[in-house]
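What follows is subunit A paired twice: with subunit B in the first complex and subunit C in the second.
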Partner chain A sequence: MAETPLLEVRGLRTRFATEAGDVVAVDGVSFDVERGQRFGIVGESGSGKSATLWSLVGLVDPPGSVTADRVAFEGADMMAMDSEALRQLRGARIGFVMQDPLAALSPVFRVGEQIAETIRCHERVSRKDARARAIELLGSVGIPDPVSRVDDYPHELSGGMRQRVGIAIALSCNPSLVIADEPTTALDVTIQAQVLDVLYTLSEERGLAVLIVTHDLGVISRFADSVAVMYAGRIVEQGSVAQLLREPRHPYTEALLVSQPRLDTERRRELSAIPGAPPDLVRRISGCAFAPRCHRTNGRQQCLEEAPLLRRFGSDHLVACHFAEEGDGIAPTPEGRASR
Partner chain B sequence: MTEPNEPLLEVRDLTKHFSGRRGTIRAVQGVSFDIAAGETLALVGESGSGKSTVARLVLRLIEATSGEVRFRGSDVLAARGAELRALRRQMQIVFQDPYASLDPSMRVDAVVCEPLDIHGIGSRHERQAAVATLLERVGLDPAMGRRHPRQFSGGQRQRIAIARAIALDPALVICDEPVSALDVSIQAQVLNVLRQLQDDLGLAYLFISHDMAVVRHVADRVAVMYLGYILETAACEQLFAAPRHPYTLSLLSAVPHPDPEVERGRERIVLKGDLPSPLSPPSGCPFRTRCWKSQDICAEAMPPQVATPDGHAVACYFPEGT
Partner chain C sequence: MGRIFLRRLGWMLLTLVLVATFTFFLTFLLPRDAARTIAGDKASEADIALVRANLGLDDPLIVQYGRYMGQLTRLDFGYSYVNREPVSEILKQRLPRTMALAFVAIVFQLVVGIGLGLATASRAGGVLDRTALSGAIVLISLPTFWLGLILLYVFAFRLELFPLGGADSASAIVLPAITLGIAGAAWYSRVVRQAATETMSTEFVQQLRAKGLPRRTILYKHVLRASMGPVLTMMAIDFGFFLGGAVLVESVYSWPGLGLSSYQAMQTGDTPLLMGCVLVGSAFVLVLNFAADLARAAIDPRVRLG
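Now for the complex of A and B:
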C-alpha cells in the first residue's frame, strides 16, 4: 500500500462568471504532492497555474467558484471541511507565500508582530514566546540582525528581505506544505537566487514540501523535483524535472524550451517563436487547446475534435497529446547550440 | 551624413540626480558610451541601476544634471524647438508595457500614423500606404489596423508599438525592457521582429534589459550598470565568455539554466546582501558591500575604467582574469 500523498488533488475545476460568459480557468486538474517534495507548476499568464493554487487555499471568491472530485491534505478531505477547519489548516499546516510581498504584508504593523500574530492565531503561546519565535524565524530565512529587524515596518525592508519575511510567516507554525505563487518573480535576479536558496535549504532541512508556481523554466530547473506544465487550464505534461525538461514529449513544452534565448545558444539566430497567442478561455475549446499553435498537429482532425487525455509514458511521465509518440523524448536542441 | 568613424550616439559623463525631501538620489553617475550606426548596445542591470533613466535622458524626456549627449555630432542636451524635434525624429523609444503605451481609444492604424501626422509627413494617402507597410514589417496584417489595441495580444501590441517607433525612419530605437512584460512564448516573436528590422533598416538599438539571456541574444556590445555606474563594457561575446567585473560574474551566475543536469552541476556565486539604496550609496565602488573581493581601497574611491586595446573596459581594482 502506497503512502498517502501529502496533498491529493483530483478533478479541480475553477470557473469565473463574467459578462462575456463563464471562464474555465482550471479545467480538471489532478496531481499529488508527496511529503518533502518540491512540486512545480509552470505556465504562462492565463494558463490557470495561479488559479489552481488560489483554489487550493480557498482564496477564490465569487464570481469565482471551485469544485473538485477530491482535495485531500494529509488524508483529510478539504472539500468536506467547514470554514473554521480550513482556517486552522491554512497558515498552520499549509503556509502560503505570495508573489508580491509588499501586498501580502500589512504596512502598518511591524514585521515581528505580523509573524507573531500568525503564530498566536494557531497556537496558545504568550506574546513574549511568539516574539522570540519570530526572531528565530527571521534568522532562519537569512535576515541579518533579526533582533533589531523584528521591529522594522515592511517599508523599511528591501524587496528581497520582505519576501524572506513572507517566507517566515508561511513557516511560522511549522507547516508540512508551503504553497508559493511566483515567489521570486518580483525580485531582481541576484535576489531571486538568494530567496530560492533559502526556500530550498528550509525544504531540505525540515522535510518541507513546496508547491511552487512559476512561469520560469529556469526556476523549475533549479528548484523543483517534479513539475506539471499547464496550458489553457489543463495539465498538458507532468513528470520529474529531469525527465520533463530533458525529454519533453508535449509539443508545448518542447516549444517553450526552444523559444527562449539561453546563455549557451547561438546568438542572434532566428528564435523558433510559438505562433499566435494562448486561447480565450471564454470560448469552449473542442479538441486540443494548443492545436492552433502546434508544430506537430499538421492539421490533423483528431487534434481539433478530441481533447487529449493525459497518458502515461514510463513510470511517472504523463503527456496529453494524441501524438506524444512523435515527440522523440529528446530535449529539442536549438541548432547551433554547441557553437556559433 | 555621418562620418565613417563618428558614432551615431555619443554619451559622455551623463549624470542625473533627483532631489527630494528624503535627500538626493544619484540615479546616473557619469555614464559614458557610444553606439555606432546599425549597432545594438545593451544596458543591463537590476532595478535601481539607472538603466531606464539613461534612456529617458538620451531622449530628453527628463533633463540631465550634467554631461553630454551627441547624436550625429549635434548636442542633444542643448537642442531646443525645431532642432530638438528634428533630433527626436531620429531617436524613438519602445516602452516595456504595450498595455500602457498604446492609447486604447485609438484605432491601431491611427496609433501607427500619429508620428507621421505630427511631423506632417506625406499626403493622407501616402500616410495610409506607409501605415500598411509598417504593419507588414512587424508581421501584422494591415487589415487589422482598423481594430483597437485591446483586440490584440501582448506580443501583437508590442509589435504595434514597434511599428509606431519606426514610422519616422529613425536611426536609433531605444528599447526599454521590450519583452519583459510578455509571456515566454511571445517574447521570441518580438525579438525576431526587432532583429529583422535591424537587418532590413540598419537600425541601431539601445537595448535596456535585466535579462542576461535576452541581452546575450540581441547585443553587439554590452554595458553592465549598477547603482548608476557602468561597471563593465565589452563586446557581447567577450563579456559572456570572459566577464571581468565580479558583479557581471555574479549576474551570470544567478541565471538558472533550464537543463536541470547543467543547473545542478554548476558552481554558483550567490551574493550576500541587498542592493544598497541609491539614496545612500556606499563610498567608493558601489558593489563593494556585496563583493567577495572587496578590500580597503574599494571604499576609498570609485575604481577608474580601464580598457584593454580591444575595448573591454572594467571599473574594478581586482578584476577577473588578471
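Now for the complex of A and C:
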C-alpha cells in the first residue's frame, strides 16, 4: 500500500460573497504534498494561489467560505477540525512564511520574543528555554551573531534578515510542512536567492515539506520538485518541475514560460506578454477559462462550451486542455520555435 | 538624549512664562477691585486706598507684572487676598485631593475605555459594538455638571450609596471620579476600537494567527500594544487637565481640590490664588505631555524623540 501523503487536498473550493455575486477564488483544486516534498503553485495575481493556502489552514474569514471533498494533514481530516484544533496545528505542525516580512512581523516586539512566543503557545517551555531555542533557530536560518540579533527589533534588520526571521518563526516548533506565500516577492533579487537557499537547505536537512506559492517560474525551477499551474482558480497543469518546464502541454504554461525574462537570451528582445486579462471570477464562463486568451483554441466550439478536465500524460503529468496533444511537448522559445 | 531632554525642558519653561503672562493680564481684566475684597465690605475708602498702596496695586500694570514674575522665579506665588495664607500653602493642601481624584478618574477612563474598545473591535458590527457607538456619542455629549448632578441625585441622595459631597470618606471619590472620567472613557473606547480594527486587518495579525497564537493573546498582547499610542497621548493631556483641577466636577461635589479653589478664587477676585492654580495646572499638562512622548518611545521602538 502506498504511503499516505502528508497533505491531501481534494476538491478545495473557496468563494467570497460580494455585492456583485460570489467570487469563486478557488474552484475545485486537488493535489498531494508528500513528506519532504517541495511543491510549488504558480500563477498570476488573482489565480487563487494564495487563497488556496489560506483556505488550507482555516484562515479565510467571512465573507469568504471554504468547502472541500477532503483536506487531510498527516492523515487527520482538517475539514472536521474546529477552530481550536486548527489553531494548534498552525505554527506547530504547519509553519507559515508570509510575503512581506516587514508587514508580517510586529514592529513593537523584539524578534526573539516573536519566535519564543510561537514556541510557548504550542509547547510547555520556560521563557529561558524558548529564548535559547530562538537563538538557535536564528543561527540555523543563517543570521550572523544570533545571540545579539535576538534582541533586535524588526526595523533594525534588513529585508533578507527579516524574512529569515519569518522562516525561523515558521520552523520554531519543528513542523512537518511549511507553507510559504510568495516568500521572496518583497525582496531584492540577490536576496531572493539567498532566502530560497536557506529554505531549500532546511527542507533537505530536516525532511521538511514545503508548499510554496509564487508567480515566478524562476523560483519554481530553482526550488520545487513538483508544480501546479493555477489559472482562474483551477489547476490547469501539474507535474514534476523538470517535466513541466521542459515539456509544457497547456497553452497557458507555454505562455508563462515565454513571458519569463531570461538572462541567456539576447537582450534586445521584447518580452512577450500574454494578451488579454484573467477572467472575471464572478461571471464564470462555461467553457475553458483560458480560451479568450489562448492561441490554440482557434475559435473551436469545444473550448468555449466545455470546461476541460485534468487528463493524465505520462506517469504524473496532468493537463486540463481539450487539445493538449497539440502541444508539442517542447518548451517554446521566444521566437516561437523549439530551440533544441 | 540629554540634549533633547534639555531642549524640551526649555520649551516647557518658555510655555509656562507665556501662560503666566497671559493669565496675569487676563485676571487684571476681571471687573473686580482686589483692594476692596481684601479690606472687606465695611471698609472706608481711605482703608481701601491704603491696602491698594500697600499691595502696589496703584503701580503701572507693567511694574506689577514685573514684580509678579520676579516672585515666580523664587517659586513665590504671593498671598491669598481672601484668607492671607501663602498661595503655595493652599496649593499644597489642595493638590493631594485633586491628585487622588485625577488618578481614580484616569484609571476608570483607561480601564473602561480600553476594555470596551477592544471588546467592540474584536466583534465589530455586533450588538455590543452598535450599542457602544450610540452610548459613547451620548456620554461624550453630556454636560459634566448635569451628569454630576444626576449621579449625585440618584446615587447619593436617593439610594444613599455615597456621601452627598466633600472628601470625608473613601467612597466619596467614586461619583466625582466617574463623572470626570466617563466622557473620556467613551472617547477612548472609540479611539481604541478604531486603532484596534485597523491593526487587526494588517498582515502582522494574519501572521500571528498563522503562528497559532490564541485569539486572546493576539488581542491583549499585540493588538492592544499596537493601539496604545493615541490613547497614551490623550491620557497624558487629560491627566494634566485633571491635575489642574476639574472645576465643574469639584464644584458639584464640593471636592476640596484645586478646581474648587480656582472657582472660589474667581468668585472672590483672589488673583494670586487663581494664578497659582492655573500655573500648577499648566505645569502638569506640560510635564505629562513630555512623559507621554517618553512612554510612546518606550512602547514603540520606531518612535524617536525630537
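Just so it is clear, the second predicted complex is superposed on the first by the 329 of 340 C-alpha atoms of A that agree within 3 Å, B and C clash if a C-alpha of one lies under 4 Å from a C-alpha of the other, contacts with A are read in each partner's own complex, and residues count from 1 in each chain.
Operating definition for what follows: contacts are C-beta pairs under 8 Å (C-beta built on N, C-alpha and C of every residue); 3 or more make two chains touch, one makes a residue touch a chain.
Treat the numbers as computed from the prediction; the structure is a model and nothing was measured.
Novice: What does the overlay on subunit A give for subunit B and subunit C, a clash or a fit?
Specialist: These partners fit in the superposed model.
Novice: State whether A:197 touches subunit B only (first), subunit C only (second), both chains, or neither.
Specialist: After superposition on chain A, A:197 lies in contact with subunit B alone.
Novice: Is A:107 touching the first partner subunit B, the second partner subunit C, both, or neither of them?
Specialist: In the superposed model, A:107 contacts subunit C only, not subunit B.
Novice: Between subunit B and subunit C, point out the one touching more subunit A residues.
Specialist: B
Novice: Which partner chains sit in contact with A:277 here, subunit B, subunit C, both or neither? Use first/second/both/neither.
Specialist: Only subunit B; A:277 stays clear of subunit C.
Novice: Output check: A:124 vs subunit B and subunit C. Expected answer is one of first, second, both, neither. What do you get?
Specialist: The answer is neither, since A:124 touches no partner chain.
Novice: Please give the least Cα distance, whole angstrom, that subunit B and subunit C reach in the superposed model.
Specialist: The answer for the closest subunit B-subunit C C-alpha pair is 8 Å.
Novice: Residues of subunit A that sit at the subunit B interface in one complex and at the subunit C interface in the other, please.
Specialist: In subunit A, no position sits in both the subunit B and subunit C interfaces.
Novice: Spell out the part of subunit C that touches subunit A in their complex, as residue ranges.
Specialist: Result: residues 202-204, 206-214, 217, 221-222, 225-226, 299-302 of subunit C touch subunit A.
Novice: Which subunit A residues qualify as touching subunit B in the complex?
Specialist: 44-45, 144, 158, 160-161, 188-194, 197, 215-222, 241-242, 245-246, 255-257, 259-265, 267-268, 270-278, 293, 331
Novice: Could you please specify the touching residues of subunit B with respect to subunit A in the complex?
Specialist: Residue positions touching the partner: 46-47, 153-156, 183-189, 191-192, 195, 210, 212-214, 216-218, 236-237, 240, 250-264, 268, 270-271, 273-275.
Novice: Going by the contact rule set out above, which residues of subunit A touch subunit C in the complex?
Specialist: Where subunit A meets subunit C, its residues are 57, 59, 87-92, 96, 98-100, 103-109, 117-118, 121-122, 153, 155, 166, 169.
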